[in-house]
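Chain nomenclature is as follows: A, B, C, D and E, assigned in order of appearance, with residue numbering initiated at 1 for each chain independently.
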């Protein structure tokens, strides 16, 4: 369910709520130009001032949001608006893009499938003239391929400005949804198979769980579509035309992911319907067993009851062939009933026929 | 259900309907500038005229709407349009923002979770050049943190004009929905657990109650989104650029709340489906017990009935081992039936298997 | 169901279909200015020509649409377009606003709750430079408060032009929906209570009836929202700025009514779900009674059947304590079954517990 | 289901597929001006060239689409675009309006209720400077009232140009939906009554059939709304302002028809729900009969079984009053059970009560 | 389920993922002008450079995407953006149109019904000044009619530029959906018939399969509508006015296909409802058999049990006519029950009546 770190209503705007479980921030800088690259860790926020004055591009990556003072210092160094800083910390925010004076602020949300669980993490980006700030909730991320591309240093990347770097990170975030979709696809397939074989109540709980998770994923991805669209249509100097073309590609992926999620939601709904009807079918099966047994034996038991009566004058009782005769009548009644049920298709044979012919 | 204090159709526009239960208005003024603060209670509306002439900002807070004359006097003092004044009193109004000559009128709706109940209260705001009027239905509110911020007197707040004050109040109203969402989240979680353990009919009533309350909350929050959006895009002088940036933040919260409510509505719908299927499952369980009992004992009773018949010529009756033999046959029949049902998974063992393998 | 008086396809546009049941038109004029008021009934349409030439404002109210010639004469006198005149008569029209040369034509629909029935009536308005024509299906209306306000003669009303008068009538029409909503609210509340106490099939029919009526009300109110919005945004001279402010208020009420209707529709849908599940629950209850009775007595009857057999060699039959012993065994079996069912919660006790704890 | 005469994928655009069943085209011309009217049949398409050169207005009505050469000749004579000509023949097309050089091309769809069937037919219109071409699938149509109006020759009609004539035909097409709606209304009413009286499975099939037909009608009418709206907003010279006013009226009818269809669809959905719940109710009724019978007789049969046992030492068997005493006990047990069921409302009496009180 | 060839998150944009199963590219060129046509196969990509320099139009058709180097060479020759090239290879892409410098890039998706399966294949188009590149996943396609039209060489086609050729291919793709729709229509019809005759569980699986396939088709066709609309409204020089008219026709077909798919989806949903109700109906039928048998025989068995008791003093036992009298009573009871059930319509006769009267 929805849990948000939010200050009490009426607080100063920009109030940060630091979680007790949040880890201390670790700051890593990649400082690069067409022809040089400098990577270092930063302990004292004051060191970051240098990034502003250089011509080179600095990617300042902050992992862990557990120290209010450090975050405030970073915010001050890069002139971040207090509301933007609060959005970085007070998690979860809705993915969005907001223009500030000379800066673009973006909130995005990664989704990962880890140990049978869908986990998600907020990544905030602040794009400036010659720097990109990224803030992540946890240590460790999925941006190593991006770092590798900077290190390999294609000329395109190194000279393309912080807008391109922001695109590369957003693209990694969005493309990270594809493996999650594949997991969902497999689980829906597995559920469908299981539904046909053993439609037990546990299947319903799993459909419900998938629906819940799809709702969560959908809530994360829908606003990203709007956010990336806002970036594509941003007319400021931070996003160049070439980056715009790349963002358009990223936007396409985003829409494709949304399409697939909506399709999965419909499939999950259809599986729910199938489950409900399987409940009805199983009940039918149980009812049929009861009805067949009862319908065959109740009349026979009645016949036996008749000749168990103690009337003095019951001529049949004294006939020699009455007993075996009655047994024959009983067998005939039971056989007639069975034939009737077989004709009605209650004995399972006619039900399977169309199924087979379908596969033929 | 919907209850509205509305004048009879065809009345003079601006007719106020004063509820008998409404408490008398209490008027408190906070009059502040960058360097001074003056708080006082007002008994005579005529005193309020002073607010209009000063350069300082006056927050005139009216709690309780139980006196038509006082409200009319306030309206006249601040040149409120009669329709705006009627909207303050004839509760509930749909949240909205309306421009009047030199004024902005806003209606908003607080939601609180108090003693197991979701309660809501209308707050109306009239933003003028150097004043803000607020009207509340009841004495007592959630704006004490805002008052505290004025008293502490950050320079930003004190010099920011009535638009910023209006934002601060709206922000407190919107952020007040987060705790309500948390309550709903917990209740949905609790319902889901209960649904798995005891899916009794009372659960359905509680799902229905949650759906009703979610509908009410949704009806309150949706129009606030439009209203805040209208404020963000208002081009008048009452909303400064800085306030606009803050309102954008408030708008984001509003959208996030709407997202969560829509998700909760879908989850409530899915819980309803689960409940309905659990009704079917319980019925299956009941049916199975009946069917197993009947299927085992009806043939046995029939056999007993056979040998309870009084035919003269029933050779088996006189055999020494007939009775224990028949008992053995009966035991064999019963055991065969049980084995058959166990194979069909009706005795509960096969049903639990997939559930366990799911957790493994 | 939908019934419309419409000319056969292909007829001359503007063809009027006069219903046989329609009553003869009665024409009443209120002719007023800031300082005078003149009320009179009109027998001969030719008298109406005077209205066009005066400076004063004339409200020409036509009740009853049963005379084609009279309506045509009125149309000619006030230069009404034949299509507008046909819209007045060929009922029902969709509520709408249409501009004609120097005129504004509006169709609206009143809803009333009268004798346990929702009834509705079309009111057509033609706003001209110095007159307002209104056409009503039936004699008698809800506009007496409006007439009273003209007679009392507030300066605002009397000098505000026919646009303001049209607003006053529209406002009376829209506000007339509030009592209807209250009736629906009470009926839904009553249905919900009854659903919990006696979920009989008749409840379903009543839910269906409410859904049908809500659909009808919705079909009437939705287009009025568009129509009033068109009036608010009309840039012609017939609607002054002051009237526009009042129409905005009327528009708000319209949206609020739509909100409530949509909420009621969702509640009605949720009641339908509750009813369906109550059908399942009642069936469960019936099934449990059957299953408990059958499960307890079938084995006992079998035991009795055993000792009703007539085998010669059944040693138990001759034991002195066999009969009371068997009775004790039977009591033990029945008691064991009952204990088992109580443990399973089938005897009703465990079902009620959570319900009670919920209220605690 | 959807059947379309379409050329194989990849064919030349404008390829016509002539159906084998299509009848030969019959061409009728009505050539009129304010003061003259000339009606004639055309055998040779070459004769039509005259229409282009006259000042009078020519309505060229082609009924039957079974001759490719004739259609091509007509197309060439009036300079029709090959794609427009293909749209005339390759039926069904989606209703639409398309501007071509100096021409407006419209596709519309008539709906008729004929012999218990909803049938529909495509009518294509090509509006030119001084001519109107209409193409119909079948001989015979519903435009005779339009022809009569031309013959009667009101000055409005005769001097209004081909745009007005096109409007008259579109209006006849749209107004032709009203009788179809009435048929649906009656069938839904009849279904609702039958559902309350005999909710047999055949009702479900009829609900499904109505839903299918409503879907078909809806697919036909929705695009006509867009098409007529496109005509209303067309700024070309072919549609005069006066015709625009008339088309607005036609547009209103179209919207009203759509409103009614949507309402009917919701009603059909609600009937489906009622049917499903009636299935559950009937099952409840069956179950109750079974449960009451079983619950009363199973314990009694058990008692009878007890005293049918053959134990030697059963003292009750020898008591004089044991037999009548047991019979009394049995009657008491049965009466107690019946009283219990009556109290539970299972014997039908309490179910009817609320229904009666509702009508009271 | 959704499967996509996508590079790992964070890769270089434009990374191509070549499938192991993809076949080697085969390149065929059709080089044509008004008066000449030249068809040849290309082995070495360098040969394609000639296409750029000629005045004639070159259609370069690449079938098979199994060689990264060849594709990169083609991309370089025609100055394709790396992102466009990646979209060609990383299948599936969402259908779309994207403008690049002097080029238009389009992704579309064919659907075919082949051997009882709906298969789909991505076709990518790159429109340049004097060339059209097409990329297909597999060897073999449905564009032979287009090739034939080029060879026959109508003047329209040969002189119309690559935009017209692109239209011809898109049109073939879109029109290829019609046969698929027909297949769906037949399957829905067949399902409906089967549902009425044998509503077995296998039908439900087939409804689910159709729903899944309709979802897949819908996901393919919806974005094509947007893409073609983007082409129609493209203002660049590559799409001439005449091509625009043709694309409008193609757009109409696309919308018609979407309409039909949406209708089919609603029908599939309605079939699901019918199936669910048929499950309930079959259960009713089973229940009725059980109830009728039990209700008739249980009381009779009880009566037999009474006279099977061994009381010493049961005067009836010694009456001469008691036994036949009891048999008569039993027959009367059974007949009474049967009459009662026939009256209630449980014996099938009354159920069929309304069905017959409907057809009369």
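Here is the rule we go by: contacts are C-beta pairs under 8 Å (C-beta built on N, C-alpha and C of every residue); 3 or more make two chains touch, one makes a residue touch a chain.
What you are looking at is a predicted structure, and each value in this text was computed from that prediction instead of being measured.
Colleague: Using the contact definition given at the top, which chains are in touch with both chain A and chain E?
Modeller: none
Colleague: With chain centres defined as C-alpha means, what is the inter-centre distance between chain D and chain E in Å?
Modeller: That pair's centroid distance is 25 Å.
Colleague: When the C-alpha atoms of chain C and chain E are each averaged to a single point, how far apart are the two points in Å?
Modeller: 40
Colleague: Could you list the positions in chain E whose residues touch two or more of the other chains?
Modeller: 276, 280, 283, 287, 290, 294, 298, 301, 305, 308-310, 314
Colleague: Mapping chain-to-chain touches, which pattern fits: line, ring, star, complete or other?
Modeller: Chain contacts: single closed ring, each chain with exactly two partners.
Colleague: Which stretch or stretches of chain B touch chain A in the complex?
Modeller: Touching chain A from chain B are residues 142-146, 149, 154, 168, 171-173, 175-176, 178-179, 181-182, 185-186, 188-189, 192, 196, 245-246, 248-249, 252, 255-256, 259-260, 263, 266-267, 270-271, 273-274, 276-278, 280-281, 283-284, 287-288, 290-291, 294-295, 298-299, 301-302, 305-306, 308-314, 345-346, 350-351, 354-355, 358.
Colleague: Within their complex, state which residues of chain D touch chain E.
Modeller: Against chain E, chain D makes touches at 1-4, 6-13, 81, 83, 87, 93-94, 96, 98, 100, 194, 198, 200-206, 208, 211-212, 215-216, 219, 223, 272, 275-276, 279-280, 282-283, 286-287, 289-290, 293-294, 297-298, 300-301, 304-305, 307-310, 314, 316-320, 322-323, 326.
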